[in-house]
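Each of the next two complexes has subunit A plus one other chain: subunit B in the first, subunit C in the second.
Moving on, here comes the complex of A and B:
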């Protein structure tokens, strides 16, 4: 049965659990873009992110009869997506990840109110993307889920399968590391 | 001399504590006493003031970092699901 456009998610999930593929396809349409945006930050490029998103939904479809609804559907789905992305990352040759640099750069200027032209915005976006990608995976998840994708702390901690205290600690260090990368960018721009 | 040393030690203790709680402060996750503790130290410490201001800006910039959507993504997934039968 094709779902009504405004059908609630719990009802869709329940029908999908019972094997209703139309209901699951509606869940795909509702969540594909956001899942793609999350996994994009864990893989090499957009093509791989598309493959991982696809694989995550296929795994979710196969496992949904066992989904018990203890967490929201999307937190369960994000967990599958991130685990799939990590599996792929583990297959690549290991890359050296520097230890997390999160202390402020002492000589950096205060850029908190730096005006932004269009080209500044593009540069800053590039710096932010690179800073996120250079974070170890266990720090990358918290900042992508909480600060980029806007999940609540509780939701994001659930996706990462962490207690809230451990999650907040990793999130804080990840934020400081990204902030430091912008310190370095503005310091270089001044020289 | 001893008083100055003790003040310095207290300042550094507050500095470390504040540095560790800046995210909690920005997320409105501290109780009133803790918020006051952060604000008091930030008022005295130019480095923590700068880190707090730039961290606030970092969070605002991260919120604007939306990924461009992938064309026909959902349709492709639905096709794969149907292929799987």
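Moving on, here comes the complex of A and C:
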């Protein structure tokens, strides 16, 4: 039976647990894009992100009878997806690992004004993407989940299976590293 | 010790010398407290920016922000950076296409298993 468009998630999850494939498909439609977006930060490219996303949902389908609802469905799903993505990423040598130094880049210009042109905006987006991608894996998740995808601290910490204090500590280090990357970009642009 | 090396040494003005020593001590303590405050603040900046500190800590950090240019600058930089990061999200039309494709792929595989 196809779910009604406004059917609540707990009801869909219950039906999926009972083997209802239509209910599970609706869960896929609701969450695939955001899971893909998160996974994309850990893997090589869009094709691999699509593979990992599909794999995460297939694992979820196989395990959903045992899903007890102690966490939200999407938390559980993201955890499956990120763990799979990290396993694949760990097999690959990192291209460049960002420094997690706390100190600011000396002489960095003030870049607090918004980028002026479309090309500046595209450049900046590229710098932000590369900065995030060069973070060590355990620091990438916090900033992607919290600051890019907009999960709350509690939700994001749950996905990462961290206490909130540990999560915030990693988030802070990740933010400082991305800030350094922006400093370096604007400093180079001035030279 | 510092007071004793001055021309107006303690012998000439013992009460004044104690006052000078107290000033040096007070300013040294202020410097130590500022450094301690700075280290304390630095580790809580993200929670502060996110509005997740308990009220008392928030006030303490806000007071530190007022007197510490380094922390003030870092807070502003992080706030600007955080305003840019959501622009990295997938555009909605891309997201919809991915959701549709994934649903089809998962359906096909699940049907193979059943």
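As a convention for this text, the second predicted complex is superposed on the first by the 180 of 191 C-alpha atoms of A that agree within 3 Å, B and C clash if a C-alpha of one lies under 4 Å from a C-alpha of the other, contacts with A are read in each partner's own complex, and residues count from 1 in each chain.
Following the convention adopted for this analysis, a residue touches a chain if its C-beta (ideal position, glycine included) is under 8 Å from a C-beta of that chain, and two chains touch if they have at least 3 such contacts.
Fair warning: this is a prediction, and the values are worked out from it, not measured in the lab.
S.K.: Specify the outcome, clash or fit, for subunit B and subunit C once both structures are aligned onto subunit A.
M.R.: With subunit A as the common anchor, subunit B and subunit C collide in the superposed model.
S.K.: With the two complexes superposed on chain A, say which partner A:182 touches: subunit B (first), subunit C (second), both, or neither.
M.R.: After superposing on A, A:182 lies in contact with both subunit B and subunit C.
S.K.: With the two complexes superposed on chain A, say which partner A:88 touches: subunit B (first), subunit C (second), both, or neither.
M.R.: neither
S.K.: Return first, second, both or neither, reflecting whether A:17 touches subunit B, subunit C, both chains, or no partner chain.
M.R.: After superposition on chain A, A:17 lies in contact with neither partner.
S.K.: Let me test your reading of the model: by the given contact rule, A:59 touches which partner, first (subunit B), second (subunit C), both or neither?
M.R.: After superposing on A, A:59 lies clear of both subunit B and subunit C.
S.K.: Is A:147 in contact with subunit B, with subunit C, with both, or with neither (first, second, both, neither)?
M.R.: both
S.K.: Identify the overlap between the subunit B-contacting and the subunit C-contacting residues of subunit A.
M.R.: On subunit A, the overlap between the subunit B and subunit C contacts is residues 21, 24-25, 28-29, 32-33, 36-37, 50, 53-54, 57-58, 61, 104, 111-112, 124-125, 128-129, 143, 147-148, 150, 153, 168, 171-172, 175, 178-179, 182.
S.K.: Give the list of subunit C residues in touch with subunit A in this complex.
M.R.: 42-43, 45-47, 50, 52, 73-74, 76-78, 80-82, 84-90, 94-96, 98-103, 105-107, 109-111, 114
S.K.: Could you please specify the touching residues of subunit A with respect to subunit C in the complex?
M.R.: Those in contact with subunit C are residues 21, 24-25, 28-30, 32-34, 36-37, 50, 53-54, 57-58, 61, 102, 104, 111-112, 121, 124-125, 128-129, 132, 143, 147-150, 153, 168-169, 171-172, 175, 178-179, 182.
S.K.: Would you pull the subunit B residues touching subunit A in the complex into a rising list?
M.R.: Listed in rising order, the residues are 20, 22-24, 27, 29, 47, 50-51, 53-59, 61-63, 65-67, 69-70, 73-74, 76-78, 80-82, 84.
S.K.: Using the touch rule from the top, collect the residues of subunit A that touch subunit B in their complex.
M.R.: 21, 24-25, 28-29, 32-33, 36-37, 40, 46, 49-50, 53-54, 57-58, 61, 104, 106, 108, 110-113, 124-125, 128-129, 143, 147-148, 150, 153, 168, 171-172, 175-176, 178-179, 182-183
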